[in-house]
Each structure stands twice: as C-alpha cells, then as structure tokens.
C-alpha cells in the first residue's frame, strides 16, 4: 500500500465515495500491510506448489497430526522433516498421497503438481554415511520445485571419483556439498566450480569429530571463496537456500 | 574436449593434416582441460573487471609489493584485503590509482572500468562497530562488479530502524547481514525477506561473546530458513558469495 | 534482633524479670537470628501459599515420596520440578489433590488457596518445541502466587505474530522470554519492551546448537539492555526470579 | 493512535476540516505509532534524567565526539561506557561538566539534576580486582536515577566480612553481585537474601578461569533460586536491569 | 640398596663368603630395587588391610570375575569401584563376605580386619543428588583404614546448615568437599576451615553445567587457598588422596 | 605416461601401426593416468593380500552385505571395522572364512594367504579398557601383512611393567601407543624408544576426560619428539599408518 | 563460646558482677565467635611467621603500596605474588628487607625469623620453562615455614633424570609436581611415589596446549591415584596446600 | 648388560682380577644401562651430525647463551627452534658458523658436515602464510641429515597446482603436509599418495579457525587413511618424525 493507494482512499472519503467506516477498515491494517507481512504470506499462498514445512523433532505425534490435518484443508503441498517412521505410521491415514522417505526422514504430500525448474541444484556428498542428509536435501529441493541432480560418494580420499562427475556439478546453478569427518570436499569443490556453494557439515565421524564440529569449522574456514555454510546435518536449510538461489 | 574432439585430432594426424608435434600439443593438455582448471583461469582473465585477490594477513610487505607488481603487468583489477595502513603506504607508489579504505582495510585498483549489475546486493549491519566488516564487503562486492546498497545501524534493539529500510532490503537480489554480539539481526531479516541471506558474524562484543562465537552459533542456528553463514568477520567471503548469486 | 532487643533481655535479667535459663534461650540463637537464617525460614513459613520446592532429577522415588510425605505434615503448598510421569504415579496416592503437568514435568499441590497478584508475569516463547519450559515456568509462577499470561509461538522468523501480541507483553510487570535455537527472541522483545526481561535459553535445536549453548550465548550477548539470563531450560528459576520482581 | 484517533481524522477530512495532504501526514506514520516504537522514544526523551548511552569500545574518537556533540543539543544526561582516558581527554572540551571515572571507564554528564529513588540497589563485590566492574555498575545505576549502596571485598574466602554487611544487602530492593574467579559469592548471597539478584561474572582470574567462563558457569548453575546473570564484566547491563526493577 | 649394600656383597664375594650365583641373585634386581618398584609392591602387600582396587567401568563381567578370583588367593582386602548391580550379582558367589553399596556402586571385601585411624576424614556434600559420589568416597576411605565422618546436604543455598556442622568439619584432619552445580561449597568450606581440602566436582546439574564442567572450573578457581581438585565424580580418587594425608 | 609415451602412440598412429580406435583407447585415459589415480588402483589390486576396507558405522546391514558380496567377486582380502556382532551374524553366510573379532569389532576375510613382514609393529597399550582399540589395530596391521607384537597393561601408574617389556618395544620398526585417561604413556615411550611412534588416544575415562579429549591433547603436546597422533579410538588408522612405515 | 561461657556471663550480670554494657559487649560478638571466624584470625595472627598474602594481578601500584604499608604496622611476614618488577621498584623503599624474586614474581618480607619444618616438600618440575611456577611455589612454601627441596628439568622425555632424583622425592612428606605441555610427569611421579601429590599444570606450550588446558586435563585424568590438581600456573596454591599437609 | 656380563665381572672379582672398587663402578650403573638410557645417549653422541635441540620459547637469552656455549664444547651440531632475531643477535658471537633462518625462527650450527639421505622428505604446504612452519620443518629435517624437497602454495582452492607437482610428492619416502585454515590439503594428498603423511595444522586463519583448531580437527578426522598429526605449528616435530621414518 503505497502513497497513491492511501491518497486514493482519502480522496474517495473526502468525495463521499466511501464511508468513514470503510475507509477505516482499509487504513487500520496499514501497519501489517506496509510492513509486508501479509505480502509474504500472500505470496506464499498463491505460489502453487510451495509447501508448508513442519519440523517434527520435539513435537508429539498428536501435535503433528493436528498440523497436517489443518494443512490439508488449505490444499497446499506439505513437507515434514525429522519425522520418524512411527510418526509417519500414525499420520499416513490422513491422506493416501502422503509419502515417507525413511533415510531422509521426510514426509511429503504433493497435492498440487509441482512444475520443476529448468536449471538444477547439484547435491554432492562425500560418503555413504552422509546419505540421510542428502535425502533430506533432495526431498526439500524437489517439493520446492527444483530439478535436482545427486552425486554421492565422491569424497576427497578418492578424488578421481569427483573429477568423473565434475561436468554435472559445474552445470548446476547452485551446488550443495554435504560432508562429514573433515569436510574437505567443500573446499575442493569450491576450488573447481564457479557457482555458489552451500556446504552442509554432517555429524558423521567419531572422536575428535565432536559430532560435526570438525566439518563445520572446516567449511567455515574454507580457503575457497564461494562457500557458505548451514548448521550441522541441516539438509533442509541448504536446500531451502539453494532453491531461493536457483529460482532467482 | 570430448570423444569427437579427440577422434578429430587423431584422424587429422592419421591423414597427415597435422604434425605429430601439433597433435601432441593438443593432447598433452588433456588432463587439465578435461578437468577444467584452465577454463576457470581463462574465464577469470577474460572477464573484464574481475580482480585478483590478495589476502594480506601474515604476508610481509615485500611479498605484497611483489604480488601487486606482478599483477600490474597483467592489467587486472586488484583487491587486497586485511591490509594495514602501513602496507598501503609501502605499496602506493606502484600505481597512483591504488586506493585504500582504512576502515575496511582494503587496497583496490580499478584499471578496467567496472560495469555494475542492475540488480543489487543489500548489505545490512547491526551496529557502528560492525562497520569494518561492512566496508570490506562493500569494497569486495563493488570491484566484483555489483551494485551495492548499504543499510547500517539497524540492530534489533531498535527494530523500527530496520523496518524503515525494509523496502530497500526486500528489493535486493541477495542480502548480506553483518552483526556481532548475539547476531539476532540475521534471523529477523531472514523472517522478513524472501531472498537468499548470507550472514556474517562479527567479533564485536566481549565476555561470553568469545570473539564472535556467540554470533556465529546464532546465525548457524537461525530459525529463519534462508540463511547461510560465512566465517567470523569474513566480509570478503560474504561479498564474493553474494556476487556469484547476484550475477547468476 | 538489634541492640535494643539485647539490652532489653539483659535488663530484664539484671532486674530478675527473667531467669538465666530463659535469657539463655533467647540469646543462644543469636548467631542464627542475627544472620537472618531464621528470618528467611519464618518468613517462608508464614507467607501463605509459598511452596516448598523439590528438584526431582537424580532423586529416587522413595526419596521423593518421603519428602512429600514430610511436607504434607507442614500443610504447605508443594512444587516438584523435573518429575517424570512414573514419579507422579508412585506418589499420587499421598494426597488426592496432587496434580501433574506432563509437558512441564511438575507435580503441584495447593493446600492453601493462593491469592494471585494484580500485576502479571508475561511468559513469551518462540516455538512449540519450547513448551515444556513454558509449562514449568507457568506452574512455578502460578503456585508462587502470580498472575501469568502466556504467549507462545511468536518466534522471530514470523515476527508479525509477536507484534500482534505486543500489548499484552508490554503491560506485564516482568517478562520471561523462552527460546531455543538462536534465541534471538530475547533481544527483539528486549528492544520493544521497557520491562525487566528474564531470558531462558532452551536446549531445542541440533548440531551447532550444542544443547542450548547457542541460545545461551545469544542471550548473554543481547544488544538489548534489560535482559538477564538463567540456565538452559531453567523455567523454574526464571519464574522464581520473575515472581520476586512481580511481588516487589 | 487508537480507533478514536483515526476516526477523528477521517471525520475531519470528510467534513473538510483537514486537507487530504494533512490527513496523509497523520496516517502515514501509523505503522510506527501503532507498533509503539515512537512511544518508547518519546517516553525516553520526556523522562527527565534518562541518559543516552554510548558504548565506546570499537568506536573511534571522532565518532564518539560526534555522538556527544549531537547529544548535547538534546539536553539529555549522557553515559558513555568502556571509555579510555584518552577518549575522555579528547572530548572533555565539549562540556565542562563531563566527568570521567577512570576505574569504571565511564564518562558521564548530568545536565538535568537527577532525583534519586528512595529504595536502593546494593552492589556487592568479591575482591578488589572486581572494582572496575563495580564502578561501571555504580555510575550506570546512579545516572539512571537510583540510590546505590556499594559493599566491596566480601568474597567467600572470608565470609564473615559478608555477614557483617548483610543488613545493608537485605534492605536493598534489588542486589547486584559482582565476582570473578569461581563466582561463588552469587550463590552465597542468593541463599541469604530474598531479593532479586543480578549476578555479574568478571574476567578476574587466570588459567582455568578462561577469561570469566568459570564465574559465568558458576552463576548460571547457582543452586540459589533468585539469581539471574548478565554477560562477563557487564556492569552496565546489570545496573540497567537493576534500575528497571528498582523503579517498578 | 645403597653404596654400602653393594660393597658388602662384593666384599663377601671376593672373600668367598657368597657364591657367584648368590651374588648375582642379589645384584640382578638392582634396576628394580634401586628404582623402588619392588619396594612399593612389597610395601603394599605387607601393609595389612590395604586393598587391591578394580576400576570396573569398561571391563566385562568375566574379566572382573577373573581379577577378583585371583585377588582372593592373595588374601587381600578388595575394593571395586563403578560396579553395576549386575556385576555384583555375577561375582558375589566367589566369597560370601563380598558386599555391595548400590548408591556408591562399590564392591568391597574385608578379609583382614581393618584398624581405623584416630584422626578422621570429613566428607562434606552439597545436595542429596551428590550422594553417589559421597558413598564411593566413604567406602574407599573406610577400606583404606580411615575413620570417616559424613556431613551431607549442606549446600550454600542454605548456608546455616553448614554452620551447624562446622565443628565436626574443623576437627577433621583432611576434608573432602563434594558438590555439583556451581560447586561453591568448596570455596565456602575452604574459607572457614584451616585444613587441606580435596574438592570433587560432580556431574549433578543440567544445561550450562556441561556434565560437571561448571563445578570443576569453580573449584579450580577457588578463591580459598587450601583447595585442590580431582576429576569430576571421582570420589575414589579424593578418598585415596585424603587417606594418604590422614595417614601421614 | 610421459612425453615419450604419447609421441610413441602418435607416431604409431601416423604410421598406421595402430588404428584410430586403439589410439583413442590409450589416450582417453590420460587424465586419470597422468594424475595417477589408476596407478594407485592398479597398485592396490595387484599387491596380493591388500584388503578392501569397509567402515561399518552408519551403514545399514543390507549395504554392508552388498559391499562384501561385491568384494568377494574380486577375490581380495577383506577388512570391515566398527562392525557389530549383529552385522557379522547377518553377513557370515556369504563366505565361511569370514571371521569376527568381537572386542575389536572387525570382520576379516583372508582369501589370499598373507605373507608377513620380517620387521614388526609393536602395539603398546596402557590399560585393559583400551583393548578394543588394540584389537582393531592388531587385526588391521595383520591383514595388511605385518608381523605384530602386542604389549598390554603397561600404563604409567606402574611403570616397571613397561620397563620389563622395553626390549620388545625397542626392536620394533614402528610403535603404536594406545592410551586413554591422560595418555601419558605416549610421552614416556617416546622418551625411551628411538622409533616413530603413532599415538592413539582412547575415549576410556570419565568426567574431565571429555570422551578422549584429555588423552588427545596430551599426545599432541607430547614433550617427546617422535610422536604423531591419530583420531580418538582410531586403531585402524594407526595400524594403516604403521603398516605403511613398516613396509617402506 | 559454649553454653558454660554464656551462662557464666549471664550469672555475673544477674549477680551484678558485670554491667549490662559489658555483658552486651561480650554477647554482641556471639555470631562471629560461635561461627569461629575470629578463631581463624586469631590463630593466624599468633602463629609466628605466617605471612599475609597479596595477589598483585589487577591491583594498581598505589593499592599494593597501601596494603604493604598497613601490613608493616602489624609486624607480620609478607608474601606478594604475581608482582612485576615495576611494582617491586615502587614499593621497595617501604622496608629495606623486602626481597624480589624476578622469575617467581614474588615480593617477600621476613620480619620474624621463620623456623622451618623437619619434614620437607619436594617441588618437581618438567622443564626449564616451568621455572617461574617453581619459584612461586618455592617462595610460598618457604615463607610459610616449610623446608623445601627443588628438583627441576626431569620431564618424562628423558625419564632417567627423574630416576636419578627419585630418592629425594620419595622422602618428602608431600610432593608438588609442576609440568606444562602434556603434563605426564604428574602421572609418572604418582606411580612411583606413595605420597600425596599436588599437580600444577603450567601454561607452557603452544597450539593444542590451549594455554595449559592440555596439562590440566591430563592431571585431572591421571591414572595414578594420589594426584590432586590446582589451577594452571598456580604455584602459590599448590605450595599453600602442601604446607598445610606438611605441617599436619 | 646381560647375565653373562654380570657373571663375568663377578668371576673376575672372585678371582681377584678386578678390585671391589672397579667391580662397583661397573655394577653401580646397572639400572641405567639395563634400562637402556645410556644406550640412547651414546647412540646420539656417536651418530655424526645429530643435533642437540633447544626449544627457545620461554627461555631467557642468558639461558640460551649458556646452553649453546655448553653444546659447543661437545662439538655437536645444534638446532634451536622458536628463536627470535634478538636471541640470535645476542648469541651469534659464540661461533661464526651459527646461522639464522628468520622466517623459520631457527638457529643452526653445522660443526660436522652432514651426509644427506638418498631418499627424501617432501614438505608440501597450502599457502604462503604457512611458510614459517615450512621453514622450521625444512631446517629441522636438513640438520637431521635428510634430503628435503619443498612444494609450497598448492592449497586445494587451486588444486591443479598440486597435480602439477604430484610426481615429486609421490616419489618421496615420507610426506609432511602443512596447512592452515581448513587443512583440507592433508586429506587430498592422503588420497593421492601411498606414503606415510605427517600433517601439521597451522594457526593461519581467523575467526572460527580458533588459532588452528579448525585445521587440527580436520586433519585428525581425515578420511584418507595414511595421515597422522602433530601439534599446531609444530614443524619441528613433524620433521623429527619424518626423519625417523626416512632413515629407517
């Protein structure tokens, strides 16, 4: 609601085209509209395929069930992350299109067909142990409407495997690199690819890995310039971020 | 260089259209070309305005002088970060177009005029103490060819200042948020803006701030979904990343 | 017991109004009375509705049962925190007015009706995952005799939800802010409200959250001036503190 | 600006008592007023004696000089914290009433006489090494209009010194406890006094003190219930907080 | 075995008072005897009542069973720490005098009656949650032949409880202070008692307690001078140490 | 593949000694051969007895089963580390020569008889609790073709036990020292033995051990010069490293 | 002051043998006497040679000068620790018997001749870099009236140096072990000596030493049973503790 | 000195071929000889070129001067590490062959010509900022008698530079990898080279680098199997270790 909109209402009021009551109704919402909150929300509701996201950790099954039920009334796509198999079993009767990705621990529902982007997000991971995070990222990116290509098991200990897939990575619009242990893959990819890289440290490792601290610090200190980092194991956040970039 | 390219050279050789020497010249670079290293380098050199970057910390003045002298022969733009005033004073005779930003600790040289992007990067910062990082980011983004808009002193303790500038932030293509202390600004901006956000924790603060750890952890744990993070005080890295996204 | 009190006893003794034995009885408790220990205890016992508090973690069920039984003889209100459902099931036969709050893990017993304050404590929380701490704080504040208003799910990622409830928060006498992940809510509320704020970091989160360290550091480094902090997940401590302030 | 205010303007417009332009001027600020930001600011400006606060760390002397000059035009009291002696020497010509507290590193200016509260804040500290934080807290509390009583050098290693001053502490409305090393004083005072306690860990100590971490963790884990904590060495924050409570 | 001893043997040999073989037998053990290893071992074996100690954590039941069986052949007293109830149940058939302390998780066997010291060790603890460590310390000190007096539940939040028992603590020869949370008890006792104090931080607490780190740092930074510290929850180590001092 | 090799192929092609197709086959692998990846792989495959290594942690049983099945087709020796008993039970039907070391959690298969080295690796450990890591190291070193001598239970608290075995340690070609708690054994052995020492900190301990951090830091700070360190509990890595050195 | 004492005064009062005023004077101090604070102080003042201790860190020179001047009036021995050379130069005019130990950074004054104990404290240190802490411990122990024997440079990297001095260490009544880097010396001495050992980690080292954390953790996790630990570099605390034990 | 040696001396004594005094002289050293300490020392003294090593940090110039003077009398080569320029200037008069490496901070003296090994140590480093550590390692390895090849500035951000030098690295007998920031170079080299790798994390970096912690953790968690690690910036230790391996 810009200057013109406000003047228009005031003019209409002055010229008796609207009542004081109606003018008030328009104007009383100014704070929120001006601040754009509604804009975001509208934007979200009208963009077909945009999912509502539920973070299931620390939520009870009745809570999750309630949220999904409510969402189904809004006819939106749904993405639930960090969902256990038990959670899925207790909600799957709500809609027979609900799907569960056991490795990625996601529940998804595609009520509106999602049109995918032409450009794609490359998801690159170091070891088979990082696959849970890969799957969370993949499911997130997909339901957000992105084409995704996944390249796994290309850790730096056998770097030729990475080179063999480098073309696919280079042609992506944005790259997600997922790695545990020492997280060196982010720096290596960052040195080879001229695209924005979102690095996801994983908690894969033991001992001085300190539950992902090792990979996290590595990625934050990457000597390659185009790398930014999200929280440990945060496949969802990386994909959400990558989706924003891919759809610019 | 694909299968066809190689067959073509070999056929030409077999048919005496090229000499063994020439064929060798083509083929000997296979490893590097296939791996794309040269591609990056060429790409970097031909893109007008792309700067060479020197990280001055831990380098001696003679080393920096030597590097700048060499770069001047290549006729490229130059960006040196973490440069002290003394460093600048000892190198400025090399070219009278060398400029120093004291707050941002950058030395820049624009030998080729840089054409700026139409879309812009918004750099948003919390307090006046974060300005050194802001300046490093601004100088980096600028010399990389980006239009930049800077919004400072909009920390969450007086959040109305942020709202007053929200339109400028929302119309950016990508947003850099720079904040020390508790780094809450990244989450707040992340909740209000539907653009990729690159958060830079700064070391501003004391005590339980632990030299920026507080803001770093805050930003990594942001409840807003579109936030990725770079190293503490890494204004350069954020801007480099933002530039990649802004120029997609 | 001040100078006058002591002189009075000594005078009475000198003038044979009291026996040596009685004077001794008065005087022998001097250390404790002067130091005020007894004062506290008396104060606590005579203030109707003041509960005895049991911290159940690391206590065995027989121990807890014993303590509650003893307390019942003193006819005081009771608050037990960090009590499991099993603990409650094993003690509930002791008095049929014992109540259990499963989410907040509290056992309460109101033997004396509690008169509530006119002013109130606002408990503000970021996400549904923080509700356990909210409930502990609410039960504590209530049995300590405070009116309480609870505002949940107003995390900074959707900050308009907070604004919609800001009036209620502003009219409180003291505000408890409960948030996990990056804990930014404390700073944002601190910037909007001119009341003492007691911030409770929660252990909600994962990865670089380090079991609440992220929110704890955020809150300690808050750029808003009126924020003080209690231990991670310490809903009880925050409410105890807020109660002291609310009842000043 | 409530419903009535808005209707009044609209009525005046409808009845041609104000022009469209004037009505617009009133209405365009709705967001801010409704959200109450201005209320805070106004509130702050009209309350006599309320100081503007400048955090000098990381600011240059010209910046500080500029801020003070601007503030002098507003005729407000001034408090600058973390100010070096050099900073003071370079700004003291601006107004001959500017005062410097060398130990507390504060600059203060009392342009409006400050009326002190009847109730007081007790500031209790463990050792002589904590005096810098004590002074910062005392200056802050004073210029915010509070009566203050300071009790120093009552660390737990010689606990009888604390008992000798206990009455003064008990009669305060709110207590600030400042201690370094192991910070045990906060728990001991918390066990003896039934008032809200704001604990300030200091960085006094060495080795496994880790620059105040030891006292910080101690205070956060205090077994006494009424203790909340601010950042290490944050005498200002504690006093600001205590002032809010003292003036409730 | 000093110079004289060696000369004596050599003289005897020279004078044919001992055979080469016998001289060799004396001399071949020089390294060990001179270095004193054997001395320690002999010393340990001949001192009646001195127990062999088994640390059960990370040992399998068959391993523990084997060790106890072997020890029984040596007719020594036995102390096993960190023993689960299951471990005890699986070894108790070995000797019907084996005893289990469930809270302290110790298995003890007194084959030789232990004569207790006249002086005693005072074990002082803060809360009921610290009792497991208290019991481990008490069992250890007892089987090592010390008289022990235990004073529990005298945490600093209700410091008058400590004063009521101070005489007992002061008359001990050495004092063990066991406390979790903020561990302030060690400093307070250290300030009141002129005896060596061995402080044991416990892992009792939550959140910013970080599994005992809080109490550990507190105790290491104690402002009271006579305090030394052992590992978190190490009741055994404290008692072993105290026993050495008590038996000097 | 050097300049001569390439010229030779091209000459042969030019002179019709090879077909274009064959020349292509040779040349297309240039990147990998030049970079040496294939060399490694070939090297690994042709060295009889060299095992493929599977890190089982975070892998599902079907995944492990699949990998072993594939390996069996290659007729190589197999080493799987961090394998649970359940994992072994679910794969042992694949080949009746598969062996399980329960303590070391390794699965091994020796299809090709392994010829052992003449020189040997000494594996020295401090306590019985470190045996799991000892076994992992021993199994790894053995299947990699090394003679191994194991010396256990020679922790520094009873240092004479170490001296009694010093000759065996000194005659090794390389020494692995495995110790938890304070990890002092590495320094002591490092001061007595003039051979490369690979130190393995273990997570054995509690409290301020912080899951092996204590031993890790000890070993990294060893005042003995010949000590290098691998990750906590990484018996495999130490043995792999030692094997490389032993087989130089 | 026990029951009899009080009755006696009251009886005297009743029988007019003392005035009310005098009785009050006796009784008003009850809290302190009963609690024994005065007892400590008296005890300290009458024990000849017992020094007053000044911790100079964070104190200004005028403060230190003031304290020493006051002490000189009490005719007590003086020990000031962490004193810089400049501090000494600015106070040495106060008494020409003031002595400065530059390495140990102590100022001492022996006004009363100190009679030394027969038994002695052994101070054992690892490297020449630890000498500052050795000197602080030695000066402290000496002025507290203990015979001291110092054995330096016996670090575990050349363990034969330790053995050569073992007899002296074994005959001490209590042993202080001072070591930086990995701090292994405490465990080795602890395994060889059957006396109470007070370990002092020093901040000597670099990198993963983390300013003494490495040695601190090592010593806390010592596998030798008789070791307790004081703060990093706390030579004073170790000596104070050892003195208490030596003088039992 | 075995059984036969001892019998021989005893026989000679018995048969009056040696005096008691001489027999004593032989026998009194048994402990040391048996334990082999002397063996090490002798070994060290007779091996030509083996240097005495002085760690200068925390040593005073007079101490260093004294040590070097003493060493000169023994006619050994000398290596002093962590020596400042000032230290060198104050000792260089002692022998005009003393040399200073300013970047590596080493003082060396080659009194005996050192014969170099045929095999060599490769020292590989990531950035120019790591050169100080490179130089320390190079000087150490050289004076220990090793041929050394240094490959610098091959960090993973421009990985083609590494490939261009891979042959030199692969032909080394042992490889030292020196890298700061995220330390990824160790893993990459470890994946490409089948030689023992000693990784040296450097403190180069800022922010979340935490003075080398980032690279340290990376290297300890390396997914490449042949990597062991020394302390941060410990070029000396890595070279000492590599020398042992290179000279096996």
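Points worth noting:
In this document, chain identifiers A, B, C, D, E, F, G and H correspond to the written order of the chains, with residue numbering beginning at 1 in each.
In this section, contacts are C-beta pairs under 8 Å (C-beta built on N, C-alpha and C of every residue); 3 or more make two chains touch, one makes a residue touch a chain.
Small disclaimer: the values here were computed from a predicted structure and weren't measured.
In this structure, the chain pairs F-G and A-B differ in their number of contacting C-beta pairs, and the larger number is found at F-G. Separation between the centroids of chain A and chain H, computed from CA atoms only, is 50 Å. A separation of 40 Å divides the Cα centre of chain A from that of chain F. Multi-chain contact residues, meaning those touching two or more other chains, occur in chain G at positions 31, 35, 37, 158-159, 163, 192, 207-209, 213, 216, 220-221, 225, 231-232. Touching pairs of chains, sorted by label, consist of A-B, A-C, A-D, A-F, A-H, B-C, B-D, B-F, B-H, C-D, C-E, C-G, D-E, D-G, E-F, E-G, E-H, F-G, F-H, G-H. Touching chain B in their complex are the following residues of chain H: 128-129, 158-160, 163, 204, 206-209. Against chain D, the residues of chain C that register as touching in their complex are 35-37, 40, 43, 53, 163, 166, 170, 173-174, 192, 194-196, 198, 216, 220-221, 225-231, 236-238, 240-241, 244-245, 248. Residues of chain B touching chain C in their complex: 126-127, 155-159, 181-184, 187-188, 190-192, 205, 207-210, 213-215, 217-225. The touching residues of chain F, counted against chain B in their complex, run 3, 6-7, 10-11, 13-14, 16, 20, 23-24, 27-28, 30-31, 34-35. Partner chain B is touched in their complex by these residues of chain D: 31-32, 35, 37-38, 55, 57-59, 63, 201, 203, 211-213, 216, 231-234.
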